[in-house]
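As written, the chain order gives the labels A, B and C, with residue 1 at the start of each chain.
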């Protein structure tokens, strides 16, 4: 493992982690506020990518960057107003089931309109190429752009929540919705805003993530389960925890995927060498990159055994 | 061994304190309730009565202090462990199994104490002792005519009665009732008092209540909880005349109130 | 007045606990005389089910039908096992396929060992291998998952499901990699001439296991553990205060559920003779959830109904349209929004109306709903099918058939007609729906009044 490799991987991992945080922060906000875990959050991510693709083929990437999240946000608000609100009275499980069914439908609709194969949603020409070069490895400019957008968006959210009036209302409604309602605020409208806003955030993540990674119907399911892990590992309802967990998992996965050494080789490096024909061999023979997909879930299980509240959890959920 | 056999108080709280974050809700409560006594805990809203119940029943952990049931330490135990040692409680907000029938609610509450535990090899319908005990409790709480009704469909007063039934069905010796007559009319309260008297015969009863006629009608002794501290603990007649208690409730003593009104 | 509970139609229907009490007690002056009349209704229903299982392939004799029936039977066990934790235990899991899938893998390896001569076990007992494997993983994973409840539990099951799925691609020795593990079910000693080669023999094996599992799971819901798990579903906190460790209850119930899921996995291995990573996938977990919910999680027979409907949609409907998953998804969401008790609750509510003799009043509104609904459905199906065609096959030309009629999917007239039809039908449906709701609400009120009067007697 060379230094340049480590640094570049770190930066890549950071950008992926920030993307994960864009997604998991919206999920955490919606969960903290409304008590509903939005299964469809990752499919709004997917919609953002697809809609951006559709728009960018007509008018280019930059309008898509603005329009696509707006459209997704509107859709999210509509879903809350006409769907989720009806289900709210049945309780949390039906709400979860509703969002689960919604994911199903959105994925099928996307396949119906755009087909089952990946669509060629490309990075715009202006952002292609390296941002800088470290020795022999390049750091893509687009990754830097992603990080920039993510950070800007998160700073904007933070300012919104702490400096504006609506932000204070949201913060209050996060823990005491009834009290806020009795003060005269239209809490259902706030819910709709938060849901729509969270969806727009997911859509924006899709706009910038869809062309960096791949835009295909399976992307919702793939990233969906990872952000659930992020939210549980970070601690349900904790934004700070989601931040830490997003970066942790983003960096972990990026590093793991890039490491070609086998697990046995890693152990060798630590000076441990089990017998060649031991039962552990089936595991040790695996390369770290092959094991990479499992790592987030392994982390989930470990956290649940040793620290069930999550890294920074306060609410039990 | 019950309290009656060991001679230890049925319930003993020693310097119990509870803080939520920086706010101290219970500030050093000492209480000793002998076996068979009917004890009421009263106090203004926010005094910490429900919190105290939650500490005793194990729903929340204490910050410091000790709680003993029949002389045995229960301070750090989980609710089900405390329940198995002979303490059972009801809830202020009705807490029944709303999709089970009335009969099923009570029968479920008998199962552990009858030793059936986690059995999946017994047919429920053939458990005669559970069925008989459940019928007995049903008869006591007067809900026999509603036996097969789904609990969620009962009237409020019926649900409160069921709540009490579920609490006593397991045969616990120490019963905690959290505002059993909350939200009831006069006649409903009177019926509830009769019910409580019937079902707690020979047991230790600790009750949180706001309705003074209920309290004075049932209690052998009363403790007054104000801002997390017990300011008085005595027989009803002494409490009635206690100046501190009057002040806590009325803001002033009875004498002053009477003279003010003339 | 005591009411004997022989009837199958309860007077209170609002997602009830499965299996209500089956006896009455008459009291005379303090003494309790108990008598338990034989519940004729219950034996009749089980007998009828047994008969249905036995004669179904004799009525529907085509190869396709027998295959469909076999898969339905397997899926019924799977859905019932899911409802043990979901409808009866109140635990929403997104990873139940882990237990059925791992059971299937163990079963298929066992089959291969029988074939190789290293294991001597009748093929008919292979589902038991699956069940035991399922239970083992229930013990293993359940320990971690039941530490939490509610929404966190749901997410943990999702994570574990993904973990197992990801692992299944990492260990090709056991899981067979992309292609999975195949087997031949015609191995070992034939039992009374039964080799399980022909599908009909597999069907009867499935039917036997299905019937036995149904009885077992029904009986389980009437045991102390089963009933306490209902209590945990209704009020987990209260259960602690009647002496039970809620977490332990959930853990044990999960193990029971995992056992039966494993049984269905074992039968899957026999039926398909191939098991792959797909058997532990999130898609499978989602499918059993959908099916159970659609059928109705609050009643014992609900998942059975849901399994039949879902299997039918997945196997038969998928022959006709590529959009079957979309239709199923929409149906599911509508159920969540308007009928969370599932098909079972709809049936029982209507039966209750019939019992009180008021069904005739609803006939007209129902017809209205049915006709406009069917028209709207036609319109929706037309739009979906045409869109699918354009997306997936549009490159080969625009001519296709819709409901058997040739249409040109590129022609604007076709689209216009379809959309006009759809809008008109939707408007009509909304009008009919409001009329129905008015009538329904009136009927419900009248029934409530009547019930209240009966109770006072």
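We take it that a residue touches a chain if its C-beta (ideal position, glycine included) is under 8 Å from a C-beta of that chain, and two chains touch if they have at least 3 such contacts.
This is a predicted model, so every value here is computed, not measured.
Relative to the C-alpha centre of chain A, the farthest chain centre belongs to B. With centres computed from CA atoms alone, C is the chain lying nearest the middle of all the protein shown. Averaging C-alpha coordinates per chain places the centre of chain A 48 Å away from that of chain B. Centroids of chain A and chain C (each the mean of its C-alpha atoms) stand 32 Å apart. Measuring from the averaged C-alpha position of chain B to that of chain C gives a distance of 43 Å.
Of all residues in chain A, those touching chain C in their complex are 31, 37, 83, 86-87, 90, 92-94, 96-98, 100-102, 104-105, 108-109, 111-116, 221, 225, 228-229, 231-232, 236, 282, 286, 290-291, 293-294, 296-298, 300-301, 304-305, 308, 316-317.
Chain B makes touch with chain C in their complex at residues 57, 59, 78-80, 83-84, 88-89, 91, 95-101, 103-104, 107-109, 111-113, 116-125, 127-128, 131-132, 135, 139, 144-146, 148-150, 152-153, 166-167, 169-170. Residue ranges on chain C touching chain B, taken from their complex, read 3, 5, 12, 14-17, 20-23, 25, 27, 30, 32, 34, 36, 219-220, 222-228, 230-231, 233-235, 237-238, 240-246, 248-249, 252, 256, 298, 455. Residues 92, 94, 144, 147-148, 150-152, 154-156, 158-160, 162-163, 166-167, 169-171, 173, 282, 286, 289-290, 293, 323, 325-326, 328-330, 332-333, 336-337, 340, 384, 387-388, 391-392 of chain C touch chain A in their complex.
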